[in-house]
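One chain, subunit A, links the two complexes that follow: it is found with subunit B in the first and with subunit C in the second.
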Partner chain A sequence: MRAPLPTPSQPSPPVVDIQPPLRYKRYAGWILLILIIVMCSIQTKVTPYQLITGLPQMGQLLKEMFPPDWSYIPTIWAPMMETVQIAILGTTIGGIIAVPVALLCSYNIMPNRFIALPVRMILNLVRTIPDLLFAAIFVAVFGIGPFAGMLALVFFSFGIIAKLTFEAIEAIDPGPLEAMTAVGASRLQVIRFGVLPQALPYFMSYLLYTFEVNVRAASVLGLVGAGGIGLLLDRSLGLFRYDRACVIILLTLVIVLIIDYSSTWIRRKLL
Partner chain B sequence: MRLIPSKTSSSSSKHIALTRIRFGIIAIVVALIYYWSIQGMHFEGLQSTAGTVSRSILQGFLHPDWSFVYLAEGEDLLRGLLDTLIISILGTVVAAITCIPFAFWASSNMSRHLATSGSGKIILSIIRVFPEIIVAILFIKAVGPGSFAGVLALGIHSIGMLGKLYSETIESIDHGPEEALIASGANRLQVLRYAVLPQVIPQFLSYSLYRFEINIRSATTLGLVGAGGIGTPLIFALQVRNWNRVGIILLGIIFLVVMTDLISGWVRKRII
Partner chain C sequence: MIEFDNVSKIYPNGSIGLRNINLTIQKGELVVIVGLSGAGKSTLLRSINRMNDITSGDIRINGNSVTQASGSELRLIRRDIGMIFQSFNLIKRATVIQNVLSGRVGYHSTLRTMLGWFPKEDIDLSLTALQRVNIREKAYTRADQLSGGQQQRVSIARALAQEAQVILADEPVASLDPLTTRQVMEDLKRINRELNITTVINLHFIDLAREYATRIIGLRAGEVVFDGTPEEATDEAFAEIYGRAVKHDELLGVL
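And now, the complex of A and B:
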């Protein structure tokens, strides 16, 4: 899902002293890791003891969730569908915006790095901003409702799809592009007849993949007021109606699984 | 569409017709899906205040509230970021350890029956489906708001993905050392210790670091529902429309994410 940022190649540090035997180095690494963990748990006062004392409470919560209040399904059906609609539109619009940007920052289409590099940096910045934060900002501008959630997903999916697509474009076979340039095709013709046929299956596959991610994201957007099922979940939890919360969670689970399986099936057919 | 124009046999033209029909059906289905989606998106028009709000958001982002970086009484940016970092470190550690039994359970080469590994795989995919925010809300109800709920949420949610990646690693190990050890009379535990673990540990660490990078991003938003970290001051600043503060928190999040990505990428390169 959220892919790591591409790291610029680091200059290797000059070797100054003799390398100690590998075994000590490995032990030092493990000890450092354990030290970090201990320091972290001291700082936040998170201890395994707390975990053990918290478990019965967790069990109590699960007990209150069952039996689920199945009569709640007709009420949550419309918001659930709204969640899917938000995800569909957000992914599509984000994907459409991502195409020209992905072309702009592929080195093999846009050899001018003064354009490609800043565009890539902007893409990296967009991807560091969490979707819920986008949603909270758009709720402030456009008011509470699914439109703010859709816009949040537009930006969120734009970041993912543009990155994945430009990497796919850079990996395409340069042969057809060179052949077309050699016979005098314009830049646009090269993109239309050389790049598009090769990159389109990948693009569609990334679009579907992002859609899967977005359905999950859309199900929690309602927590900040951006439409979808999240608002009802928040409300049932606030009213301590855990049996209703359980129905919402189960229905979300079923919808997400159905979408995941169908999307994976289509993706396998595409590639 | 006309790939074979020289062949004018009936079978190829039939094939073309079939492709066209299939393409048409797909197009109609896609169009219906979009029609349905747009129906659900009722756009009420811009808020009357949208202009001023956007302007103040822009103003806030251009003039971040630098005084929030460090406050003597606490609850400042640095402590929030530190909390976020710690939540994701601990969450990743919890998941990296807890998912090992799940991974062995779900690996098809570790059990004789396909049903065993199959059930493990299903459990992992069910865990993966729950968004971490929902897991966080449940844990907040159970153990109260704070970093601990965040750690548990990330820990449980990450098991799904890490378990899957771990089990794929276990499935792809080289069976030579394992067979050699069995042939020389090693028991199951010894095989695990000397043949399996040395092969999978570097890959496990690398996947855990990758998950850590994802968890940092998730941890920034966990606070929005009350599970500790930088999200808590962020949601307060958003609620009172303090855009200067939102601006500085956003800068802090970007800084934290970029830095951890760089460091973790560097460590990952050294491990493998």
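And now, the complex of A and C:
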């Protein structure tokens, strides 16, 4: 359903003769994989047995979900919109901050590695922190509410967009940069007329992609008190109002699908 | 007037680009530089607008040292020098006129150009430049929809929009077929004559050099080994520049 992320074309790797791997190596790989799975299952006590015993309860849950409590829609409409708005704000602000940072860590724009390398390290650090952890931290700092959620998404989007964009910038055609330097352009003008036209379509595409991801992320931010629809979902589940939870899930599904489809469509047009 | 004063260039890896070059190129000349691959043609050309730094010596344009110019001085010097590349170096996704207009950025403050708006005079100038290379009707086409020859003419128009006093062209026709090669060379020659723009072109076709140049400079291993008129550049002279007889594939052939 999701269109693959576009990446700037890279030279194809040299063709090498591929030897069929030795058979015992293949078996060894499979055995190792099975061993790891079994070990993990024993250690965490996650077993297929639980799936079987849990199934009847699953059926029970589904039965209680239907019919959904449609009268709940007016109540959840505002938080649902808040969820989308959190995602829009978080993505946009994160994307704007990502632009200068992406430029700073592209070696072809910033030949000075003393700047590029530390910036890359910070960027990698930001990217290791999951969105919900960000949200939990900001709820602790700024209190419960959508602001914390928005801020979490700013950091989260910033990490994704900056990383993807700097990779796109490093893959652009250096020719126009050379031409702009030769006409007497300043550094910023070289970026504006040499880099921007080449990198903008990629950036927009990454921005939309991140927005898709963020709408989904924003709908669970409420679980840690960071605003959006997640709070109501948590409450409905806590009160065993599965018919209401069902409406929330269905509405979220519809909104996410609409956004995914339109964003995929726009991204296809862009490139 | 472009002056080379004892110019040498040694690349960081030790290979020699230029060796003790002394040259004076007068306003309005159409100089073609010839020489084997690796002789230093690109190095010479690119040192004129300091796309390459030189190791020693001095290069002056109308008396102003390129070698000593500070950042903003260098940008002003470059603004008056159009550069044409073998691979055109256009923004492929942008329209033709946007590409030509980008030659004007040196005339405006960085802040003003950030939005990408150019004054009406610049647009008129760019359209006139496109007219001069006979592709005005392509002004609002995307650059990547043009043929190679047309793209090269866009880059010539960009140099014209710069109101350049000097045009440097590094193998401008190396990726074009023989017919378009002649059209592009005709354009360069016509502009050189009509606007009296000093033009320096690197070429590897001997017959093209003889046909279009007012002066031919031969390089070998970073040194000037020939400097004369096309009439003086006989087959024997070329054999001297190349250190061997002229080969068939060094001639474009008569059309």
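We take it that the second predicted complex is superposed on the first by the 250 of 271 C-alpha atoms of A that agree within 3 Å, B and C clash if a C-alpha of one lies under 4 Å from a C-alpha of the other, contacts with A are read in each partner's own complex, and residues count from 1 in each chain.
Here, a contact is a pair of C-beta atoms (placed from the backbone, for glycine too) under 8 Å apart; a residue touches a chain by one contact, two chains touch by 3 or more.
All figures in this text were calculated on a predicted structure; none of them were measured in a lab.
When the two complexes are overlaid on their common chain A, residue A:Pro197 makes contact with subunit C while staying clear of subunit B.
Once chain A of one complex is fitted onto chain A of the other, the partner contacts of A:Ala136 are limited to subunit B, with no touch recorded for subunit C.
In the superposed model, more residues of subunit A are touched by B than by the other of subunit B and subunit C.
Looking at the shared chain after the overlay, A:Gln85 reaches subunit B, while subunit C stays out of its contact range.
When the two structures are aligned on the shared chain, A:Val220 is found in touch with subunit B, with no touch to subunit C. By the touch criterion stated above, A:Gln50 is placed in contact with subunit B alone, subunit C being left untouched. Look at A:Ile122: by the touch rule set out above, it reaches neither subunit B nor subunit C. Legend: residue contacts after superposition of the two complexes on their common chain; A:Ile93 is shown touching neither subunit B nor subunit C.
In the superposition on chain A, contact of A:Cys40 is made with subunit B only, not with subunit C.
When both complexes are aligned on chain A by C-alpha atoms, no subunit A residue touches subunit B in the first and subunit C in the second. For subunit A in complex with subunit C, the touching residues are 173, 175-176, 178-186, 188-189, 192-194, 197-198, 201. By the touch criterion given at the top, residues 1-2, 4-5, 7, 10, 36-37, 40-41, 43-46, 50-51, 54, 57-58, 60-61, 81-82, 84-86, 88-89, 92, 124-125, 128-133, 136-137, 140-143, 145-147, 150, 216-217, 219-220, 223-224, 233-234, 237, 242, 249, 252-253, 256-257, 260 of subunit A touch subunit B in their complex. Looking at the complex, you find that subunit C touches subunit A at residues 49, 51, 74-83, 85, 87-94, 98, 102-103, 105-106, 110, 113-114, 116, 155, 158, 162. Remark: subunit B residues 33-34, 36-44, 46-47, 50, 53-54, 57, 82-83, 86-87, 89-90, 93, 125-126, 129-131, 133-134, 137-139, 141-143, 147-148, 151-152, 210, 213-214, 217-218, 220-221, 224-225, 228, 234-235, 238, 241, 246, 250, 253-254, 257-258, 261-262, 264-266 touch subunit A in the complex.
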